[in-house]
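Two complexes follow with chain A in common, the first pairing it with chain B and the second with chain C.
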Partner chain A sequence: MRRLKYIFQYSIFFLIGFLLVLFATLVPGFGNIRNLLSMLAQAAVTGVAAYGLAIIMIGGEIDLSFAGSFPLLAYIFARQLSAGSEFFMAVTTILALGIIIGLINAVTVLYMRVPSFLATTVMMFLLTGLYFAISGGRTVYIKGYYGFLFGFWGPIPKITLFLLVLTVVLHMLTEHTQWGIMLKSIGENPEYAFRMGINVSSIKMTAFALGGVLFSAAALIATIRLSSATGTLGSQALLPVMASAYMSTVVGSGKPNIWGALVASYLLQVIACGFGTLGLPFWATPMAQGVLLLLLVALANVGKKRGIGQVSLG
Partner chain B sequence: MAFAKVRYGAILSMALFFLVFALLCIYGRGFFTAENLVRNLLMPASMSSVIACGMTLVMRGGGIDLSMGATAGLGALTGAALGTNVVSSIAAAMFSGMILGSLNGLFISIIGINPFIVTLTTSFVAKGLQFLVSLQKAQSTALLWSLPMDRLGSSPVFQIGTSLLVIIFLYVFIEKTKYGRYVKAIGENSEVAIYSGIPVRFYSWMTYVIGSVLAGLSGVMLTSYEGLVRVGSGDNFLLDAFLLPLLGKAVFGRLSIAGTVFAALFLAMIVNGLYILGLPPSWVNAMKGVLLFSMVVASQVGRR
Partner chain C sequence: MRVLLMEGVTKEFPGVKALDNVDFELVEREIHALVGANGAGKSTLLKILAGVIRADSGNIFFKGKQITQWSPRQVMEAGIQFIYQDLGLFNGLSVAQNIFMGRFPKTIIGTVSRRDVWSSARQILKQIGVEDIDVTLSLGELSAAQQQLVAIARALVRNPAILVLDEPTARLGSDEVNTLFAILKKLRDENGVSIIFVSHRLEEVYQIADRVTVLRDGQRIITDELQNINPEQLVKYMVGARLKNSGRLRREKSLEPSEEVILEVSSLTSDWFTDINFALHKREILGIVGAVGAGKSELAETIFGLRPYSKGQIRIKGCLVQPKSPRASMRFGVAFCPEDRRSKGLLLKSSIRENIVLASLDRLALGRWLCNPSREREVTQRLIKRLGIVPSIPDHITYKLSGGNQQKVVLAKWLCAHGEIFILDEPTVGVDVRGKQEIYQLIRELAMQGAGVLFITSDIHELFEVCTSFIVMHRGRIVARMRPDEASLDRVLYYVMGGSNAQA
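On to the complex of A and B.
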């Protein structure tokens, strides 16, 4: 059984390999290196947001508010650009807003003691409502920035390089720094971490803030990729990001981690891209992603004794 | 202990309810008319209280169901696509809800995966199925209800009557039967429930089934009132399903059908009042969000 568990733990790699071979045989040109790299570029939105979620999950909390902050931040960003604001000024504003949202979540969770999934789901509803209130659901278009992120440096899309650098940096941060070790031990057992003299609140606070920055960065990438800010950004991102962060626990150690999130978001992008080129309808993609997610999580639980799934409402 | 405390929250919110009601009667033009009270207050309240009562049951059993909005939409679309008459429409809607609910329950209660991730996933599956049903039937993302169903949907007797039936059924189920006590025990402490010999997996599974059946029903109630089912019709319901039980909990101190129904009435009154006083419709969800946020925070004040 133990050896079997080992196989199940790495089932995600078998799945990616299987899907890549499947799509490569069905669709000509799917398997060439340029397409494989560009799928990594398209996975950037999901990946960056999933890093944010994974970092918060390492600390034992969760943050779903990104589904609400995505459309709101994208809208503000696009409006700023179309109002003639400086590009880097707009980016800074959005990142700062991301930190603020993260800190609000942190305060609600840490000092008002609302369970994090509840607090951040509520924040998701709140931000979505706010988005529709100020935008009326209108789409705002921007132009001229696509090449800036999605252009090529030699054979490699710039955004792919950015994603890989970010992956390495965040991996270092979470696995090889004092902060990362503290965050991990808080996630393992907050009580013990507190007794060890770790300042639980401040570490979690920075994790939420970092998550907020990454969410807003993902919102920026999504806006630039679509050259527009639409209201469906958030609901479209919700499942893939959640799925990637959760599936990262399936890869390797059984805890959320950065590399796992990258692998998982790449898997989801392979599914999306493969389905798209096969001509399957657009709504089949989230269904397939969802079913695979459930399957992988169920597989990862094989051989573990478990009760019923429950959540605490506080 | 929570039981011994006087429910200042409940008394205060009752007082607030009547205060707001009185203020609206004085300042809201046309608020205190039978037409407005029945059509714009009781009917929306009864539609959302059906789905919210289902969510209350699920939450009482220690779970949560994020797929209810999508389930409501799927139920409504299935009902509109398959139903040939009123009875078969409603039955089809509730049946599709039942299938989704039992899937949720299977993954959550039997396999033991976190309800959050399971129901989020099924919400996307349900959304996909909505497209499937709708495109199969009509090559478009919207279906019309049949005329008798449309007529039934706009009758207050049907809407309020159905929701009263559901409320009474769930109230009796949760508060007066041993099965309801099992569900509550599971929600309080599933470990203890197991050792007490309660078939925990089955009753936890059942809460999801009942919750989703009610979600399907409420989808029919909502869309037959509008006469049209779109893909994504039920999405807005998720906010209500989430908000009302927690609002009720904040007021009554625990999740209860009475609290949820009170919250539904309160919210419908506030929304109606704000419309009458001239709030733009796009702000209503933002306002609900702010309300939800403050309720969730308020319910945690004074806890350790």
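On to the complex of A and C.
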């Protein structure tokens, strides 16, 4: 039974391995290192947003507003660039907007006491509405090649490096700083955290703000990658981002975490790429991703050690 | 006629014999008080009756028939109703829905008619003489006393032969207690219900009960008509002769409180207690003892800044403070180990290390922000060794530890945070005998090193074991102040149960 438990707990790695082997045999060239790395680069959008969501989930809340801020921020960004704004100026504006959205979420959740699931879902619709109001739903294209972001560094795409550095930084932040530990304890038991003299509101506030920044960063990466800002950006991101953040609990400790989110978003990307190159219809990918999410979370819970309210496998 | 007979009931938990060959008998139309000090086995006996746990040996006869299969559901169907301290009602449902939960009167097409439910609920409440409760309100809007009455009404719907009340008066005022007692007597006389009544209050036992059974250390000491026993005798039965002389208990000579006052509370008053005065010195272990509902935990939470108070002063080391939040209190060196350590005192899913350092992250940090795992591990390792936490692995998950070791982790956390005033609320609940001794020893060491300890307990033996002096609370007031060497167990229990000075 012990071995079975391990298989359940690390099922996500087995799954990635299995899918890689499967696609590599079906599609020539799928298995080469270049493709493997490029899939990691393509996972960046999902990954960065999933980091934001995972951080908020560590604190015991949730934030779905990214599905609305994606198209809105992408549109604003593209318009700024096409209006001749300086690149870094535009980037800073978008990141700042991300923080502001995060803070608004935090205020509704913490001070107006709206459950975060509700508050951020409403925010998602508000932002989507705002996007359509100002854009009319038109796609905006951006010109220029941002090689310093999307070039290669030897065989490694620069964006992959960026993703890995961000992963390490956020991992340090959530696991090895006072802030991270306080956030974790708030997520586990807010009443107790309060009793330990932890300022619950301010920590959650910063978590929402950090989430907002990461969502806006993901929107930026998506816009630059696609060289355009489209309205479907948000709805397309909703499932994979949410799935990655939830699946991160499957990797390791049973709580949302940064490394887990990276692994999960890579898995989802492998599926998307594999299905794409096999020529499966567009709706097959989210269906497969969704089923996987359910399966993995179920498997991990079944395989968990005798926990609180969990069925024991002996 | 005998309704219930429990015969030779024995139950052993790891390391402790909770019930040892106990007999308990209940006859028709009687109110039977079940009394005993903490840990005497009352709740174990009731749990066995309720079918929640199974006795190791012994027989139960209900209405003359021996019962072999005994599950909570069967107990309920047989006609034994339990009203626990937390009542087990649903705040979000209406009074009527609570009363009929699980057995709604149905209409022909099988739906529940609200009007029928309301009128039947009113009828039931009227039966027990309650007319001022609006059955359409949701339960959460009622007072504690009214909720208690709803719980009784719910029990009545099922036509019980036996009604078991576990400390029903702990949260009631004295008028409300009188109402409740009138209802219980009515149930006994008119409905023929037999009632088992658990209480920690002497005057109530005498006011309501016909007979009493005293448990002590898992054994039945006596069952008799109350009129044959006077209060002093009753308390002696509960305490036992062998422990009467407190001088026999081990005392730490070296523990002599200093003159320096570290915490002073004067005329502190709130909704939960009235006019509390005491001073805690350095190197002192001041016990606060009282029954459930005496207000001792509320007092502790007030000092730690978790509850507001309306009047009075709190001084820490001579400075007037107004504790508004735990954060503020911690800054003054106040450490608080709550009674419910599993939900309020620990992060069960985190490691020993994470728990211990949580209150001192600032102090252990590397620079301003970064954690310093190696230093944390070193500190944790030292505390684990000092407190004898088993297993001695800093990264062990806390929920796997025994109760005693979990409590040590809570203490270690405050040691790590350099607490000076320790408020310990029932630190030995759910801890085995050996663990208790270790915790007592730790508390003594804390005091010897200059800390002031407020030791809150409802177990009187503990007072004599660890405290240098103690106060007794009853219904939110301090009713006695004593030192272990000048008090006897039965005297203390007498005060705890609400015996007054005049009678003494």
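Assume the second predicted complex is superposed on the first by the 296 of 314 C-alpha atoms of A that agree within 3 Å, B and C clash if a C-alpha of one lies under 4 Å from a C-alpha of the other, contacts with A are read in each partner's own complex, and residues count from 1 in each chain.
By our rule, a residue touches a chain if its C-beta (ideal position, glycine included) is under 8 Å from a C-beta of that chain, and two chains touch if they have at least 3 such contacts.
Since this is a predicted model, take the numbers as computed values, not measurements.
State whether A:122 touches chain B only (first), chain C only (second), both chains, or neither.
first
Check whether chain B or chain C contacts more residues of chain A in the superposed model.
Between chain B and chain C, B touches the greater number of residues in chain A.
Tell me which partner A:113 touches in the superposition: chain B (first), chain C (second), both or neither.
In the superposition, A:113 touches chain B alone.
After lining up the shared chain so the two structures overlap, which partner does A:130 touch, if you call chain B first and chain C second: first, second, both or neither?
In the superposition, A:130 touches chain B alone.
Determine where on chain A the residues touched by chain B overlap those touched by chain C, and list them.
Touching chain B in the first complex and chain C in the second, residues 307-308 of chain A appear in both lists.
Going by the contact rule at the top, pick out the chain B residues touching chain A in the complex.
59, 62-64, 66, 107-109, 111-118, 120-122, 124-125, 127-129, 131-132, 135, 186-187, 190-191, 194, 200-201, 204, 239, 242-243, 246, 249, 255, 280, 282-290, 292-293, 296-297, 299-301, 303-304
Which residues, counting only chain C, touch chain A once they are in their complex?
For chain C paired with chain A, touching residues are 304, 306, 325-327, 330-331, 336, 338, 343-350, 354, 357-359, 361-362, 365, 369-371, 373, 399.
Quick one: in the complex, what on chain A touches chain B?
For chain A paired with chain B, touching residues are 62, 108, 112-114, 117-119, 121-123, 125-130, 132-133, 136-137, 238-239, 242-243, 246, 281, 283-284, 286-287, 289-291, 293-294, 297-298, 301, 306-314.
With touch defined as at the start, can you tell me which chain A residues reach chain C in the complex?
Of all residues in chain A, those touching chain C are 172, 176-182, 184-185, 188-189, 191-192, 194-199, 254-255, 307-308.
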